[in-house]
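Before anything else, here is the set of structures, which you'll find just below.
After this come two complexes, each holding chain A, first together with chain B and then together with chain C.
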Partner chain A sequence: MGKFIFRRLLQAIPTLFGITLISFLLIQAAPGDPITFITFNPDIDRESTEKLRRQLGLDQPVLVQYVYWLIGNDWVHIDVDGDGEGDVYGTRRGLLRGDLGVSIQHKQPVLDLILSRIPMTLRLTLTALIVGYLVGIPIGVYSAVRRGSGFDQIARVLSVVGNALPGFWLGLIMIMVFAVQLRWLPTSGTRTLGLETSDIFDQAKYMIMPVTVLALGGIANVSRFMRTETLEVLGQDYVRTARAKGLTDQRVWWGHAVRNALIPIATFLGPALGGLLAGAVITETIFAWPGMGRLYVNAVFQRDFPLIMGSVVIGAVLYILGLILSDVLYAVVDPRIRLS
Partner chain B sequence: MATVNETVTRRPIDLGAEQAEHQYKIRGFWHNAARHVWHDRLTVAAMVVLLVLTAVCFLGPPIVESALGVDPRTTNILDRFLPPSEEHLLGTDQLGRDQLIRLLYGGRVSLGIAYTASIMAISIGVVVGIVAGYYGGIVDDLIIWLISTLASIPALFLLLIISSVFSPGPEALVLILGFLGWLGAARLVRGEVMAAKERDYVIAARAVGAKTWHVMFRHIFPNVLSIVVILLAIDAGILILTESGLSFLGLGVQPPTPTWGNMLTDSQTYFTKGPHLVIWPGLMITITVLCFYLVGDGLRDALDPRSERK
Partner chain C sequence: MQARKTLIALLVFALLASPVAMLAQEEGESIFFANLSDASTWNPILSGDTGSSDAFQFLYLFTLPLDPFTGARSPGVLDSWEVSEDGLTYTFHVREDVVWSDGEPLDAYDVLFTYEATVSDLVDTPRKADFATVVGAEVIDDHTIAFTFASPDCNALDGAAMYVVPAHRFAPDFSDVMTNSLNTEPDISNGPYLLEEWVPDDYQAFTANPDYSGGQWGAQTPANIERIFQRIIPDESTITQALKAEEIDWYQISALQWEDLLDTPHLNLFESEANQGVVFTAFNMADPAAGLVPGLDEDGNPLEQPPHPVFSDVRVRQALAMGWNKQAAIDAVVQGHGQPIYSTIAPSIGWAYNANLEPLPFDPDAAAALLEEAGWVDADGDGVREKDGVPLSFSLLTNAGNEIRESLGLLMQDDWRQIGVDARFEAIEFGTLVTERIYKQDYDAIIIGFTGGVPDPDGYARALLSVENDVENGFNMVSYYNPEFEEVLDLALNTPGCGYEDRAEHYARLQEIMWEDVPYDFIYNPFVLTAVHERVQGFDPDLAWAPRSNLTEWAITP
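Our next item is the complex of A and B:
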């Protein structure tokens, strides 16, 4: 097991390099650069913009910039005033030494910014994940057990509809109904201002709508998948044997059938995490939730290169870790699977 | 009518099943699939809705414009947030533009993007998948590495970068979505090709000296055609969702060109004044995506030889 995880982590390294290179090249192709955003001041002269550009290393060829971003530029003499001689050493230490640079827009280290936002994003996505499984699994199992019943029909229709609903629209409709019209729930944010920070009920109230929006796709997929798996298991010999022994329906379903049907659902975890990260971008924007997604969208709008790159790296790392975790989990719940 | 004698020896129901089996065998694969779809009422209904919607969005606007005397660009500050009325069937938006006509034009853009981008994404996926599966070896390794790398970036992250870089019009957005959407299709096609290339008739074709591209597209491609048809429908649904999400964030198609997504961009600020502006565009998205998914599911039932025959 340890060996397997180690190898998967090793395999992830070239993937991560690929991701950073691809995103870096893409960002560099952008027409506007961050300088134009910093220097909105019309009084600034051309010379100082050039100086700033050289200072930030934006005058270098793309691949050089990528290398600086990767391993830092503290070994390079930067020619700030443009006279052909190096003046100062760079200050960046590069991704490989744990430095993601400084956000141009926030003027804070990118890593700190992202790390401060991750807990909020995880609070949303993990809750949505748990809700997705907790609601989806029973619906799927019950659908399969009562195949063809009214419940089954409704659940199947809802699972297709749940997949087709755009999350942002559902969010808007929920805000309109529950916050604006009925005034049951707060429109956006994470807690009531001025209230104790640790008031859990208050914070839970703020989470209801974003979590519902995020969890909906998960509920739809999990229930649909679970239904198929359970139907398959229910047709197998050992289930018939269990029934022949005279076990109650409940014991057969929950003790024998569901336990095996649950196995494949472990593989859902990785892709689901990726989907949730993407979903969080939109959900956080609608509900003004101070997480990674919103930070990222703002960075994209402001052309904040270091922050964009940092978010992509951290997002990809989280996603890859999720994929590995789901493989490991698959092996843990099913002893027949050998990791090799 | 069967004679009495026959009914005694063979029960009519068996006769029916046998005949059906015989019929099934003499008809071709696509013929059977078409019959299967035809008897699947939900799928047919979804197809009809999609066809009608497409026709209305692409052909309807001039008719609606002349019949109601509205057009999508005229703004009128006095007519902002009008509720649905006889003159404006679905009311007006925050700039006093008629919502119905904007929905139709928006549908043109959204559906157009979905159809073309899905055709493009699947075409790339098919070509890449066939090449990877057919050649195997280092080509396959490289392609798989590329796919798994691209697939490890949460897709929306990548899309946001690209669409902010190119701030695309509808045509550029098609290219972007097409170039990013082929990963899943390529994987599926590759798997299918790997199985198909070991079949006897393919080996035979190669043995008699058929050119590589001939083997690929005449002998192997038909094997993946059913996957392609299913993926086209499901992908179009996913693309509508992606495009409208991007446009909603302000990173997709830019106003004043309407799409169902960007019609919702500012709707957050006028919940109380114009709920009709929040409801309609989203409803159109949901219905369209739902129909694409239903058609995809129906086609899967009809085309997948493993699914049970009805």
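Our next item is the complex of A and C:
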């Protein structure tokens, strides 16, 4: 197993570089650069704009910019005033020396920005993932064993609805009902401001609506998938054998069938874990949740190249790890599969 | 089983939550603001975004703040000044009673440092443009500083306008401006409040600065209201709901929110015209197919522009301006919260506005007549006019996601179709619109707008219409050139004495030229709309150009 993981990690290195190069070229191919947005203002003169562009290295060819991003530009003499002579040295050390650069928009190290958003992002997405599985699996199994029953019909309709409802609409409706009309929950935010201390109950009530909106799609998917898998397993010989031995329905379903039906679900989990840090931009926006999704999407709209590239690197690493994890999980839950 | 437990847990949560929610806010001590975007940095030298400048007003005093009644530059940290005979050097006196919250007095060296750091090669910031007109600055004594400007024009004071930073907290060689801890954790202030806590993209919490020296307005020290919470809510619909749920006390709303909040009993809504913003349609007078031709050659002589097949004829531009119903559009799209305009100068800049002119009326018959006079007739009866076999058809763009401009585009397109004009309307992403279309002048017509900035008639007029800005990345996106316009524009900016009445004469003529030439179809000037919770005392709608300038006098009634 250790050897397998090690080999997969080695294979991931060229993949990672490919991802960064392609992303870098794609971002640069999009119209506009970060300067466009902070200077779309009649009060800003062109000379200042050009100076800023030279300082940030945005006047350089794309591949040169990529090299700077990889290995830094502290060995480059930057010509700030455009007279052909270098004025100051660059300050970036580059990805290979552990520097993800400085965000153009925030003027802060990209890594700090991303790390600062991780706790709140995980609080939202991990909770939603757990709720999605905890609610989705039993619904799916119960739908399968009571196939065709009223519960099954309702669960199936709701799973389609749950998948089809746009998050921004549902979020807004929930805010109108639970925050404005009933005043049970706060509209948005993460904690009550102005309280001396904000305890777990206070913070939990800020999570109810965003987690519900976010978990709904998960519940719908997991329950539908679980239903199909369970149905397949229930038709197999060993289940009949278990029944023939006189086991109770409960034992057959939860002890024997579910374990096997869970195998494909495990493969979902790896990529889902990788996606946890991507955040959930629509839910975060509606509920004013300070998560990663807003940080990324803003960076894209503002063409904040260093921040976009930093997100790409982190996202790619997590995704690759997620895929490896899902292979490992597969072997763990299914003894027939060997990693080699 | 599992499902039941989880559902029960969720229900218990909801029940627990309900009584707590009612106690959400401690009454009387705090005020709650909201903003769509967070401060990207707390260093005024580095910021280029509205989220930051909006937050700075609580921490930092401005050198030459806007007069809340007129919008003109007025004394602040620089509280008086003398102008040299040649009009190029301004000698400012720095207020002597301003003290940083760490006990250091604010002096002329802080002002000098702020200027020098901003223009330093070690510092990358869009703020450099603020000092584009400054040739140099020199400290005369601890509380006197002289700025020398490149030209003695009437907006020279803009070159000395800044939030002052504490020089004693920075390395004197500017080497740590980009990385100083004050950029993310400002533990110092010379303004009415101190930053207590900042959770990026979530909220900013401020407490009253006990050592505040007072400002030009809002002399009350320290501030009445002990704490400010500024919440970052990136979605306008959520802010609307938060106002309704009494979570936010004061917010400048959009016209789209007004209707929604009108019947909310605990909110008072105010409308003010103190905004110089303009929304307009740019008619490209140069043929985009011929590529961008700059307005001037290298020696400064005007260059002939390849004429646009449709918009190079002033009669067509006039016909299009008269061919759609602007007032109806303003009523429908922004519920009347704006006023029609005919130039870059909005009626809100009262001293400069030429009230003798009116926007061209909505008159489809006159518009049709003008088009016919210009040679555009519908000979083949397909509903679209043509001239020399070329149909009167062009693309009309705006930035996607701006609901107001998208609605305006559809209304324009509909009305123009009635007079035989085919506008192909499309909303595209903002970045693409700006860099590929506007900056490269590669388009037929674009609905766009400007907002904010120092309310002065020179800014927008010069940016949008002066020939020097008819270049790639310039704002004269329509390739307008009129020698008289250039002359009057400069006369108005360099009027001896800079008296409003003297300058206004030139601006009156400037507006006549814009009215006649229709280089843009100017649409409307949006009003400023504010929603205020009834528990807030002291908000004064008359302080329109700087609405929270008397914030220290505000109070909360329990």
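The rule is short, and it goes like this: the second predicted complex is superposed on the first by the 304 of 340 C-alpha atoms of A that agree within 3 Å, B and C clash if a C-alpha of one lies under 4 Å from a C-alpha of the other, contacts with A are read in each partner's own complex, and residues count from 1 in each chain.
Throughout what follows, contacts are C-beta pairs under 8 Å (C-beta built on N, C-alpha and C of every residue); 3 or more make two chains touch, one makes a residue touch a chain.
Just so it is clear, the structure is predicted and the values come from calculations on it, not from any experiment.
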item: Touching partner for A:Gln153 - first (chain B), second (chain C), both, neither; value: neither
item: Chain B versus chain C as contact partner of A:Thr248, first or second or both or neither; value: neither
item: Touching partner for A:Trp184 - first (chain B), second (chain C), both, neither; value: second
item: Partner chain in contact with A:Ile173 - chain B first, chain C second, else both or neither; value: first
item: First (chain B), second (chain C), both or neither touched by A:Thr285; value: both
item: Between chain B and chain C, more extensive residue contact with chain A; value: C
item: Which superposed partner A:Ser116 touches (first chain B, second chain C, both, neither); value: second
item: Partner chain in contact with A:Arg303 - chain B first, chain C second, else both or neither; value: both
item: Chain B versus chain C as contact partner of A:Thr15, first or second or both or neither; value: first
item: Which superposed partner A:Asp45 touches (first chain B, second chain C, both, neither); value: second
item: Footprint overlap on chain A, comparing chain B with chain C; value: 30-31, 172, 175-176, 180, 285-286, 301, 303
item: Residue numbers on chain C that touch chain A, as the complex places them; value: 1-3, 6-7, 10, 13-14, 16-18, 20-22, 24-26, 29-30, 32, 40-41, 43, 46, 48-49, 121-122, 124-126, 128-130, 132, 178, 183-184, 199-203, 205, 227, 229, 231-235, 237-238, 241-242, 244-245, 247, 430-432, 434-436, 439, 450, 452-454, 459-460, 462-464, 471, 473-475
item: Chain C contact footprint on chain A (complex, rising order); value: 30-33, 35-49, 51-52, 55-56, 80-81, 87-88, 91, 102, 105-108, 113, 116-117, 120, 131, 134-135, 137-139, 142, 172, 175-176, 179-180, 183-190, 192-195, 201-202, 204-205, 208, 285-288, 290-291, 294-295, 301, 303
item: Residue ranges of chain A in contact with chain B within the complex; value: 12, 14-16, 18-19, 22-23, 26-27, 29-31, 160-161, 163-170, 172-173, 175-176, 180, 274, 277-278, 281-282, 285-286, 296-297, 300-301, 303, 308, 311-312, 315-316, 319-320, 323
item: Touching residues on chain B, where the partner in the complex is chain A; value: 145-146, 148-150, 152-158, 160-162, 164-166, 237, 241, 244-245, 248-251, 264, 267-268, 271-272, 275, 278-279, 281-282, 285-286, 289-290, 293-294, 297
